[in-house]
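Going by the order they are written in, the chains are A, B, C, D, E, F, G and H; count residues from 1 in each one.
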Amino acid sequence: MDVREILEEVKKGTMDTAAAEELLRANPASRSYEEMGYAKLDTDRRERSGFAEVVYCQGKSDKFIADIFQKLYELDGEVFGTRASSHQYELVKERIPDISYDPVSHILKKEKEGKKRIGCVAVCTGGTADISVAEEAAQTAEYFGTHVERIYDVGVSGIHRILSKETLVRSANCVVAVAGMEGALASVIGGLVKNPVIAVPTSVGYGASFHGLSALLTMINSCANGIVTVNIDNGFGAGYVATQINRLAERGKSSE
Amino acid sequence: MDVREILEEVKKGTMDTAAAEELLRANPASRSYEEMGYAKLDTDRRERSGFAEVVYCQGKSDKFIADIFQKLYELDGEVFGTRASSHQYELVKERIPDISYDPVSHILKKEKEGKKRIGCVAVCTGGTADISVAEEAAQTAEYFGTHVERIYDVGVSGIHRILSKETLVRSANCVVAVAGMEGALASVIGGLVKNPVIAVPTSVGYGASFHGLSALLTMINSCANGIVTVNIDNGFGAGYVATQINRLAERGKSSE
Amino acid sequence: MDVREILEEVKKGTMDTAAAEELLRANPASRSYEEMGYAKLDTDRRERSGFAEVVYCQGKSDKFIADIFQKLYELDGEVFGTRASSHQYELVKERIPDISYDPVSHILKKEKEGKKRIGCVAVCTGGTADISVAEEAAQTAEYFGTHVERIYDVGVSGIHRILSKETLVRSANCVVAVAGMEGALASVIGGLVKNPVIAVPTSVGYGASFHGLSALLTMINSCANGIVTVNIDNGFGAGYVATQINRLAERGKSSE
Amino acid sequence: MDVREILEEVKKGTMDTAAAEELLRANPASRSYEEMGYAKLDTDRRERSGFAEVVYCQGKSDKFIADIFQKLYELDGEVFGTRASSHQYELVKERIPDISYDPVSHILKKEKEGKKRIGCVAVCTGGTADISVAEEAAQTAEYFGTHVERIYDVGVSGIHRILSKETLVRSANCVVAVAGMEGALASVIGGLVKNPVIAVPTSVGYGASFHGLSALLTMINSCANGIVTVNIDNGFGAGYVATQINRLAERGKSSE
Amino acid sequence: MDVREILEEVKKGTMDTAAAEELLRANPASRSYEEMGYAKLDTDRRERSGFAEVVYCQGKSDKFIADIFQKLYELDGEVFGTRASSHQYELVKERIPDISYDPVSHILKKEKEGKKRIGCVAVCTGGTADISVAEEAAQTAEYFGTHVERIYDVGVSGIHRILSKETLVRSANCVVAVAGMEGALASVIGGLVKNPVIAVPTSVGYGASFHGLSALLTMINSCANGIVTVNIDNGFGAGYVATQINRLAERGKSSE
Amino acid sequence: MDVREILEEVKKGTMDTAAAEELLRANPASRSYEEMGYAKLDTDRRERSGFAEVVYCQGKSDKFIADIFQKLYELDGEVFGTRASSHQYELVKERIPDISYDPVSHILKKEKEGKKRIGCVAVCTGGTADISVAEEAAQTAEYFGTHVERIYDVGVSGIHRILSKETLVRSANCVVAVAGMEGALASVIGGLVKNPVIAVPTSVGYGASFHGLSALLTMINSCANGIVTVNIDNGFGAGYVATQINRLAERGKSSE
Amino acid sequence: MDVREILEEVKKGTMDTAAAEELLRANPASRSYEEMGYAKLDTDRRERSGFAEVVYCQGKSDKFIADIFQKLYELDGEVFGTRASSHQYELVKERIPDISYDPVSHILKKEKEGKKRIGCVAVCTGGTADISVAEEAAQTAEYFGTHVERIYDVGVSGIHRILSKETLVRSANCVVAVAGMEGALASVIGGLVKNPVIAVPTSVGYGASFHGLSALLTMINSCANGIVTVNIDNGFGAGYVATQINRLAERGKSSE
Amino acid sequence: MDVREILEEVKKGTMDTAAAEELLRANPASRSYEEMGYAKLDTDRRERSGFAEVVYCQGKSDKFIADIFQKLYELDGEVFGTRASSHQYELVKERIPDISYDPVSHILKKEKEGKKRIGCVAVCTGGTADISVAEEAAQTAEYFGTHVERIYDVGVSGIHRILSKETLVRSANCVVAVAGMEGALASVIGGLVKNPVIAVPTSVGYGASFHGLSALLTMINSCANGIVTVNIDNGFGAGYVATQINRLAERGKSSE
């Protein structure tokens, strides 16, 4: 049915307005957002993706940051921000006093209590310095309702460490592999498991690591199957997709 | 239990050798492969990943290629190769007469009949020139038992084309977005769906596309959530991970 | 008015269906395109942009190319393709016998007769080897109804050549500056004129020109005002935008 | 007529010196500038381009900056500087007490009152962090007499936001699209409008955005027609060209 | 013998459990490490490589650094860290009061007394600014028991300086060539000696040295034979491999 | 005196037209060139630089190349082209039967007989594969009247070879150092001589030489004094500047 | 003793001329080479390095190649060339009829019979396509008298393959690790052995492997100790250094 | 004569030791330098190049810097350092109280009085921000005895400024062209003059200028003849070579 036909049915009374609206509301231009002038909060996102909007704090000006947190908190009853500075934490705390800030992952959040965490995502790191990014991934996944297993400091220079965790890694619906320098961890894990591996290159390293470019190229070029890659230091992105995959695996199970 | 304890149990007769072997066989160094001198076929792969080994044909010498196809065909009753040349097709056909070759996707395969294809993966392209890579993704997913929907030539310069397919795209367990030049397709789709988007940059373009680098960077830096990236022109990799995700979603459903 | 309100008016009979359709047709997802399976011709484009769709021939397969030209020729009574090979010319000629092919610009077109060309765009090159790209720009602009002045081989190593053409260059509504190697021509012209300069880096050069990257960076970093840049060798893009600017300048004049 | 002929006419009295000067003044080497030793202010620029010289403040030493502002203010009765620091604001304020400084756009200016702003340029951003660059573009265009519409935070991850503003964007003589990260906004807008789009990549992002390189490549490689690009974070350049295009469109109108 | 056969022998009593364990312990997954939660110290490393684990201090958080030093010191009776800051020195000193810190090489160590240093490794630099990296190499080699000759400031712009030391350089089992800027030193030394040259590019330089990339490329592309390269500023890596080579040369000698 | 004053003097008869023309002819826009439509031959160049225009053959179309050679030959009685193909040689030979072509340097020239060659320029190469570029430099310098000494295959992996030629190299007014791979030759020579060294990186090499980029960076970053660099494989540019320097040194001598 | 003192001793007769020559012959400028005009064969190299000069065939012109092989064959009684084409083989065969050519490694050689091969170097590859480079390394090492173990197709996507060869790999004096794509093999081996690993990146791969750059960066940034790197596809360089290391280990043994 | 023959002559008394020493002193390994442990001052440099050693201050440690200045001052009676910080100035001033520091060029020097400055070098800049680098070039040339003309702020966006100085620029023995951003100044000057142009790219700019890379590529790829390039911001290098060229031109004159 095209627009004219729908309208004719409405006019004739053979279709009620609610049904017609349903059909016509598919117009993407009519979806909702919250206009704040300097920002347009995507309030339709939960409808489209199943997840509320998250705040990417880096580069947001002091004046805007608190308003955005407050608005989202009012809309959703919880709020989650990444790459927040301690200065931004101070600003937001004035509006949401019990907001919490983790200086390792730079996550600034107020989370609803009693969330159930389902399935299993394994978050692995090559070294200790990668933990900051890994925690961004892990806490993102947890915020969105995922059970997470942390397996840290299992880089390939001592391959027995990841091999000793093989059973745990294989049991996850999805593995997040976080590594800097040459980033070889993702390839090794990819060769051990049957589910997807989300590779996160980090900017850990020096010299020809070029702030994570070396690890990014390693992961993009992996000879192992089942590996996909996100941006350098993008723990959030990995945690988000891991949650999507875990949700598919678990909702599948529970809905049948 | 550690190695010594297992051995003591065996010695005492309190554990039988089959059970002990089960425990000890976790030794990754003891897994199987087929030694061919110039190659070591990873016959343990199906055990670890659920999928048989696939042949990456590019760069394989004339002398090796037919042997490798034959060996895998004998082991699995079917065989699948990517990036094959028509010359390689001629060579392999002498061993496996009814092998088929698709000059668009450069896939060389002999597939078991009557496979069931489950779930849904959508494969989208920005333009017509990206179809070669998209078909590699689609046929890989189909070979591994996935139902695929093809949505081609829906690039962002005419945004209404992908919007007209929104319902179909949203229904997939996973979307593969294949695009060259500036590669913006993945970000737009990422903003429309709730399941993961696997972005495949292609080498389609000229000048500052730098053989796909521009599209790769676009996809890696996507501001949309739920996007992961594979190598330039890596249709196989995208089809493989899409299959993993689709399998998780569908096995979940059926096993419950 | 939102969708529900429009529907209520239609139902009550206070708005006719034509008026309602007008309002609702703004749905971008409902715009037209020609579905060809492997391609979706953007037949709505002329509506949105004022220009029909053009064929980017490079990378199009032999099987598709003739169909696409034929379909667009049927729709518009003329057709224009860029980056065509002589082989593609042979294929298309079987469908459109009087199509013409220019081996310098690689343009393949069948153009309506008697077009009026308005305004003025100047197309300049640094050297003789840049003419191929310049002709793509010039002929694109002419196809879309623009008067073009060609000023070739006026690179900065003999600055008196462009200075001798200053009056002509200043009289254009827009200047297209095409140059390879170090690409300094655009900056010099930018300092002489009052209207926009569209800089086109070319892949002419060797060594550290890196196939046009050097000229691209020069143009993007120009210290002169009024300079914008398109992709390396993208004569079409420059001719298209020059036409848009020329049209604005001339329609303004004639419509008042 | 060549130089000798002109002189002979003057000598014979058949041409007066004013007419001869008019012909001979085309000598580019004889155009005016203000010699300040460390700088040569291009006082001829208004004659050539219709716009007075603007101060690029970044990197100018403390000693020079105030003199330059003062000199231009004396010449033109107004003055406009970009990329100014608050420290430079303090220095200039001692000379021009009512100069104003905007810490968001880093613009330092003293503007004549009662300027008329004509036509329409739309300035769009992908996100909130791009506003700093967008304001440089918008305020530049306004300083040069252009009417500006600001449409902020309409990035492609929530495509309905820009679609809801389609009519407004299409009504502009020129659109400035400001975006960081993957910079896909320009391509989407390019597919919606009929007038030129000036794409401004920003350094907003992290990791493989490489300080704006990713967005720059996206924009340079856009598959949409009608897109031209300026340097990373170059709001001024975009505002300048947008003004040129808007002026052509509006002067055309009014002069007929 | 495979696993089953070993188990049958144990069961029958024809092999004792110690011998069986010896055979089965080749399982790489069963090797030891020290689990610290945020880190897994590779205590098996000395077994595999002959050298204890070393601490890469850069990027380690304040909380972890002292624990890691203390744990390794307890295990080995000495400890060695690279790229340590003076702040980290303060933190570790609280646990290991007589630890020493060298602000030139940024090495933080507590070394056993009375070590014998064998063989000969020559460490050369192009300039004075490369000494920081050279000392990291030299002190690493010394920590692991190597005799080191320092030959500093012998860059190619005054070739007579390295030529005057030719006999000394030729006598070393291995030469470490440390240079920034264009890094030509390694090639010149490579042409003079018969033993391996380990080239270390440094980030010394400016402009197109790109933080050591230029020197790295020089060394990787050396036309001289016998040159291998490590990462930019990686004095540790060079000192480590030099030690391995020196050990092979000297152990060979002494063991016969 | 400005234009008006000169004209007033002419009008009054206090300045004759020849003197006035002399003053006014400084107008760069009035300098001569030969308009050929697709090219503007810079016939004023000899006046400005002392050297006639040279033909850069690469990329010139078959139709233009012979005309350009013929025109320049008519103007100057000799003609010199670089980067010519053997196909272009055939085309030009039809017009200038005794033109000569050197397949090593790809120089296509007809040279006046009996030229005197003055001064001394030394042209050195790192290896045998660099000779093609070195000959372009040497023959360019010779064409413009310079005496050249060839010193080939003296790369740094056998440093004694260049040292054995030190006296000869030091006697040159200018040294051209041609090298690929890591390009260290220029630095070593720079440390031995007192006159300028023109470094020419070549595309000789493989892998990380990146078609000459490595050698270019080496030469640009040289720690030796007195080194300047031209484009990769740009033998002509080096020969041209060497000639300029040699001319300054020798004309100085002879003119005093 | 300086030059003057030596001369005084000779003059006085207190030192004989042979002893004086010995001291003075240290002049690097006086070492021998074979002047061939276009080449200077480094006949002193065997003296300095213990190995005769090897021919790098790529880029050598047809005219020179046979002469160079012949000259070296006459000097040494054997000759070894790398990167030879089959065309060059034909040319050289006319001079040295029993020269042999291996189309896999592109090695062209005539080797003395009955060479003893000492010690052990392990040459490993990630995949089958890397064998071409691995053979260049292996045959280079063998030519210079080294015993080689080949371990091919043991890439990290099936980690059990290299683990099954751990004992063999650990027994080598030096390991050459040859891998393309992401090149992770070197890091994994580096974590298993105690002797140096020479990493050879190969150009095997596609897309973002950038012709071996990705593998090169991986290896340069390896987190494992004991890894050094050579140029992309530089099997010769790896084989040469492996030989140097093996020689040190074995000569040490035998000389004591 | 070879070494043995010389010795025989000395022994026989047919050659005196002074003559023999003269011949034998050509040994490059025997040239002088000042050993300072951490540095080897190249005291032979004046002999080889005609110029004393200059101090590159950047990266020199506090402890070394004053000693090096003092030592060179003692040797030469004057001393010249580049890239000095104000902190280093304070340190050196304690040893050489009347040393002078220029914060614009960062030159730290104590110069002999009454130097004669010969010839002419023109130093030009594109903008005001390039003056820092230009002054390094100018003062270097002056220190070594060259007469310098400064022509600042003559960038190509107002081409009449450099054209108005054409006579002055053409009169120089050598032109130094200093420019950032797109660096087009060198090409324009190269087209105007007959003597060499030394192009100095600067790091002035932002975004895609990539800290001077854009300007460097522009200059390296210049289509104008007679242009050579030095490193980004390398004013010293340009001033040094300009001095060499000027010296050749002037010594030639005066010596005849």
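Please note the rule applied: a residue touches a chain if its C-beta (ideal position, glycine included) is under 8 Å from a C-beta of that chain, and two chains touch if they have at least 3 such contacts.
Molecules present, by chain and UniProt name: A, B, C, D, E, F, G, H = 1-(5-phosphoribosyl)-5-amino-4-imidazole-carboxyl ate carboxylase.
Since this is a predicted model, take the numbers as computed values, not measurements.
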| item | value |
| --- | --- |
| Labels of chains that are neighbours to chain B and to chain D | A, C |
| Chain separated most widely from chain G, comparing mean CA positions | D |
| Whole-Å gap separating chain D and chain E, where each centre is the average of the chain's CA atoms | 55 |
| Whole-Å gap between the CA centroids of chain F and chain G | 39 |
| Intercentroid distance (Cα basis), chain F paired with chain E, Å | 49 |
| Overlap residues in chain D, where contacts from two or more other chains coincide | 26, 28-30, 127, 157-159, 163, 166, 191-192, 207-209, 213, 216, 220-221, 225, 231 |
| Listing of all chain pairs that touch each other, if any do | A-B, A-C, A-D, A-E, A-G, B-C, B-D, B-E, B-G, C-D, C-F, C-H, D-F, D-H, E-F, E-G, E-H, F-G, F-H, G-H |
| Complex contact set, residues of chain H against chain D | 104, 127-129, 131, 152-154, 157-161, 163-164, 166, 204, 206-209 |
| Residues of chain E defined as touching chain G within the complex | 26, 28, 48-51, 54, 163, 166-167, 173, 191-196, 198, 216, 220-221, 225-231, 237, 240-241, 244-245, 248-256 |
| Partner chain H, residues of chain G touching it in the complex | 2-4, 7-8, 10-11, 13, 17, 20-21, 24-30 |
| Contact footprint of chain C on chain H as seen in their complex | 126-127, 155-159, 163, 181-184, 187-188, 190-192, 205, 207-210, 213-215, 217-225 |
| Chain F contact footprint on chain G (complex, rising order) | 28-31, 33, 37-40, 42, 44-45, 56, 58-61, 64, 83, 201, 203, 211-213, 216, 231-234 |
